[in-house]
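Here come two complexes built around subunit A, the first alongside subunit B, the second alongside subunit C.
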Partner chain A sequence: MKLVVVAALVAVIALLGSRISFTRIKLPLGLANLHLIGTEYVLVGLFLGSTFLNLLDTPTLEALFPILGLGLSWIGMLFGVQFELRRLTHIPVTVIAITLLQAIVTMTAVALPFYFLFESLFDYQTEIALIGALSLAAAASDTGQSGIALIARNVPTRARPTLRLLQNISHMDGLVGVIAFGLISCAGSLHNESPAYIWIGVSLGLGLAVGLLIAALTATRLNNEEMLLVVIGGVAFGGGLALYLNLSPLLVNLIAGVVVANVGRARARSGIREVLLTGERSIYILFLILVGAGWQIGSFWTVLFVLVYLVSRSLGKLLGGYFSVSMLPPESGFPRLLGMGLLSHGGIAIAIVVNLHQIHRSELTDLVISIVLIGMLASQLVSPMLTRRLLEGKP
Partner chain B sequence: MRQIGVFLVLCFLMSWATSLPKGDALGAHITLVAGLLLLSGHVIGHLMAGFRLPRITGYLCVGLLMGPYILGFMTVETVEELGFLNELAVTFIALAAGGELRVAELRDRMRTIMVVIVSLTIVVSGTVTLTVVLAQFLLPFTASFSGIQVLSVAVLFGTLAVARSPSSAIAVINECKARGPFTEAALGVTVVMDVLVILMFAAAISFCENVMVPSGSLDFSFLGALGFEIILGITAGWIIGRGLAFYTDRVHANLSLLLLGTALLVTSLSHGLSDYLKDTHDLVLRLEPLLICVTAGFTVQNHSEQGEKFIGAVNAVSLPVYVLFFTLAGAGLNLNALQQTWGIALLLAAVRATAIFFAAYAGGRLSGDPPHFNRIAGMAYLTQAGVSLGLAMEVVRRFPEWGEAFVTVVVAVIAINQMVGPIAMRKALIKSGEAQVAA
Partner chain C sequence: MQILLIILYREDLLDEVLTALVEMEISGAAVLEGTSMERVLSEDVPIFAGLWDALGGGGGQTRLVVASIQDPEIFDPLLQVLKEEGADFSNPEVGKIFTVPIDRYVAHDSGEQS
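Then we have the complex of A and B:
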């Protein structure tokens, strides 16, 4: 009974929260940014979890794992359906190049020190340490949209092109993280040492198959109830297959979503997007609460890891931005410290580390989650101020 | 053709994935099975509609196919693991059933409903009881029983035969978009009888307990407790209904999800409270989640102005709930039980169906319904599911030495009624002229 009562309590918080969260309220910029991404729900989860009230204890959390799985699958599909190639072709190649470059540089800047730290300080196998470090790097590469959105209204006209560039990057760079993590989830050590390329092929094949299935099912006119049924069914089936095989539901459903966005009928595409968006807020809050509840804050050493994470991620974003802008002609007018505007953290980062926790539960995974959560809180506090300074031209 | 192709691909993917080594992710299989059931239920439901059959027959077939006895994508344990979805669906459908009962419309049909209920109760329970007594030789577990003990078991069979399936009825009515006097009477009778059967069962099992213990004398003190439980259930349902009406009026947002949550909470709290009182105070108090939810839905529809919004919110999410509920019901159909007891099961199902046709016809005639309604009325009352199974499990709990054998027969009868009932009901609604689907 405890499971249901606690689940209902969490659901009520998520339902009511979805009405009041993710809105702009009058707070100092950093706190407003924390509110905008729903950070309070991580703290609610932490309060309900084993650290404090113990309402969401380990057995209860484990029983709610299918919800986490469904949430990951939902996020993956929602992310995927936004990538309609017809629309993407309107985005300049330079923007796509900058997005990729800064994300890859950030991943490298985070993965290297953490691989070294995980392997030298802990007794993990090389491949497991690499999986931990790369997962952290994949999470770090994602840029949140909230910090940029908060200050978008008051940006001077001359800085509008930079603002648009930051917005485009933050819309797209989560893709790099999700794909990177999807590839990490194919590592042999997570699949009884069988070759990774097989699992990469399986991930691609499953995403393609699920996407085509959904496109086929929505090719005929469906009413709203049927559309809801097909979307929930497709999300659960794709995510369930991925999780069953220890793969990333984020990646498999992202591919499925991309297929739907590009193969499905126009009416079906908008119907699917509508259903996915309707549940987005509640699922995201539910997700944050469960993440908070399972959060093992760890020892004092975690703080040091967080510091390393913040420094390496910031360095990666700054260097990535610098290299990208350096390659553009000077008349492009983008500031070389572009990375200052990319420090905000996105929700995809949490999804990535939760996905890691689903397919590989260990102390290292708990540490990775802790680093990302604390790192995210810190980034959210400072990133809007830094973005504003960048856009006002006084870095 | 596309539907069949999609279904085959789903089966192939499932079969292929489950042949590979399973990963560590907790809850992965449940998520996967839920997705499979939803998608294949949708596909086969569509296919059935093409053959002029109810979609829920398609959902049941999908469950049967995916379940432990045919393709084996779901084991008996998986079906049990997903039991919470079943309970959620039953109470959610009860909310919908209560919401569909409109006093203003029922008032005109009240006489028919009451007469048919009395007629069905007496004729069906009486005929099935008599059949079991006469066909005792087909029930080996009663071989050592005395005459009165056989009669008590027969009364239990007779009582369970009265139970219907509001969930199937509502699903078929919704699918056919049926509206009119015949539909109202069918729904009213089905919902009320599901509550009535709980009372009858309590009396029947008490009678059975008394005759199974040789020195026991008839004890009807349970009736007081039962009355209290009913009053408590109705009060709880009324309070929840008022709360839902208030929420619908003032907030309204995410109402569908709130209703799903309410259904889940009511089920869990009802069972939890019963267990708690039993464990801590040795007090037997069974709150019936179905009664609570029917009352809650009825309260919103008839004691507030939020009825239509409420029904709209129920309908918005009812399809996935129905698909999961009926596919799981299909997966839970015990083919082994049917194989072992098909003789007595077929006999009881046939006798029940005949008695229902006669009782519904007689009830309709007595209340002055048009002859074309009376001729088809029986077809609307064949469905049987959830409640009868739940009550039958109570027999196992109280009489472990022969309860399992009893349940095996009941399950087999339910399996037959579950497959035949929705098809018959759909035909009845179409023949009554109240369905908005093509014959």
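Then we have the complex of A and C:
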């Protein structure tokens, strides 16, 4: 009975919240940015969870586990279905190169210190410490869209090209993190020491199969209800099988989304997009509440890990931006401190660490979630101001 | 001669609209992609789907179909065919359709300036 009541309560909060959240409101920049990524719902979850009210206690969260899986799958599909190659050709190759380079440099800058920290402080086997560090690095590589969107309207004309570059990077660099984490989830130590290439193949095959299935089912005209049914069925099928096989539902559904975007008919793509966007906010809020409820804040030492995370991530973004811009001709006019505009954290980061928690539960994964959540709160507060200073030419 | 303009809010009905034009023997139409004013002014911020907006495929996208028609009398039959195809323009969510008179034009099929 408690499960039903709590599930209904969370669903009502998610539905109501989807109507009023994720819009610009007049607050100081940092707080407005926190609001734009739905931070309040993490706190609602924390309040409903075992730390305070204990409504969303551990058994209830366990019972709601499939909803988190569905949320991850939905996010993966939504993210993937945007990558329509026909449209991607409108983005210059240099922008795609900068996006990939800064994400990879950031991953490296975060993975290295955390691998040594996890290896020396936790009594886990080397591969698990590596998985934790790489998952954290994958989450760190993602740039949030909200911090940039918040100031986009008041940017001077001369800074518009840089703004567009920052926006394009923030729209696409989550791809690096999702793929990296998807590959990490194929590690042998998470699959009874079987070879990773088998699970990489299974992830690819499953994503292709789900994508082709959805494209085939939507080849004929469907009404809205039928389209909803096909999308939910496809997302749940791909995500459910991925979780059953201890793989990443994010990656599997991202692949399925890319297949649908490039193989599906135009009418089907439009219908699928409408369905996914309609549910985007409610599912994301649901997801944030459940993440908040399961959040183990940890000890004082967590704060030190968060500091290392913030420093290494900022360094990675700054170095990645610097290297990228240095490779362009000087007339490109992009600032060398491009990374200053890329410090906002995105929703993909939360999805990645929750996915980690679903495929491997330990004290280490609780710590990784805490680092990302607290790191996200801190970076959301300062990133819009730094982005604005960059665009105004006052770094 | 008139210009036929169709602002289509429901992108999924584009095939039906073009089929209806072909059925009414209207050819040479151009299809332009656009964004609704409401979308441009929207205060919403993308969570995961910013790339769609950046590449012109996001929600709030419209299609503008532009064609020239020789006979203004075909407007009402066209509306009927569009409705039969599923694009009922009496529903404001589908879009808007209207014609505009042309004062002068030059085209290879015109033979002369009109």
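Convention: the second predicted complex is superposed on the first by the 395 of 395 C-alpha atoms of A that agree within 3 Å, B and C clash if a C-alpha of one lies under 4 Å from a C-alpha of the other, contacts with A are read in each partner's own complex, and residues count from 1 in each chain.
Note that a contact is a pair of C-beta atoms (placed from the backbone, for glycine too) under 8 Å apart; a residue touches a chain by one contact, two chains touch by 3 or more.
Small disclaimer: the values here were computed from a predicted structure and weren't measured.
Peer 1: In the superposition on subunit A, see if there is space for subunit B and subunit C together, and answer fit or clash.
Peer 2: fit
Peer 1: According to the stated criteria, A:172 is in contact with first (subunit B), second (subunit C), both, or neither; which is it?
Peer 2: A:172 sits against subunit C, while subunit B stays out of touch.
Peer 1: In the superposed arrangement, does subunit B or subunit C reach more residues of subunit A?
Peer 2: The partner with more contacted residues on subunit A is B.
Peer 1: Please indicate which partner A:90 is in contact with in the superposed arrangement: first for subunit B, second for subunit C, both, or neither.
Peer 2: In the superposition, A:90 touches subunit C alone.
Peer 1: Considering only touches as defined above, state whether A:234 meets subunit B (first), subunit C (second), both or neither.
Peer 2: It touches subunit B, and subunit C stays clear.
Peer 1: With the two complexes superposed on chain A, say which partner A:55 touches: subunit B (first), subunit C (second), both, or neither.
Peer 2: neither
Peer 1: On the A-aligned overlay, A:245 touches which partner chain: subunit B = first, subunit C = second, or both, or neither?
Peer 2: The answer is first: A:245 touches subunit B but not subunit C.
Peer 1: Check the residue A:216 against both partner chains and state whether it touches subunit B (first), subunit C (second), both, or neither.
Peer 2: Touch partner of A:216: subunit B, not subunit C.
Peer 1: Shortest C-alpha to C-alpha distance from subunit B to subunit C once the two structures are superposed, in angstrom?
Peer 2: Checking C-alpha atoms only, subunit B sits 16 Å from subunit C at its nearest point.
Peer 1: Which residues of subunit C touch subunit A in the complex?
Peer 2: Per the touch definition, subunit C meets subunit A at residues 11-12, 14-15, 43-52, 54-57, 59.
Peer 1: Using the touch definition from the top, list the residues of subunit B that touch subunit A in their complex.
Peer 2: Residues 2, 5-6, 9-10, 13, 17-18, 20-39, 41-43, 84, 251, 253-254, 257-258, 261, 264-265, 267-269, 271-272, 275, 315-320, 323.
Peer 1: Give every residue of subunit A touching subunit C within the complex, in rising order.
Peer 2: The touching residues are 22-24, 36-38, 75, 78-79, 82-84, 87-88, 90-91, 145-146, 149-150, 167-168, 170-172, 174, 266-267, 270-271, 273-274, 276-277, 280-281, 284, 347-348.
Peer 1: Which bits of subunit A are touching subunit B when the two form their complex?
Peer 2: For this pair, the touching residues of subunit A are 1, 4-5, 7-8, 11-12, 15, 18-19, 62-63, 65-70, 73, 190-192, 206, 209, 213, 216-217, 219, 224-226, 228-230, 232-241, 243-247, 282, 358-361.
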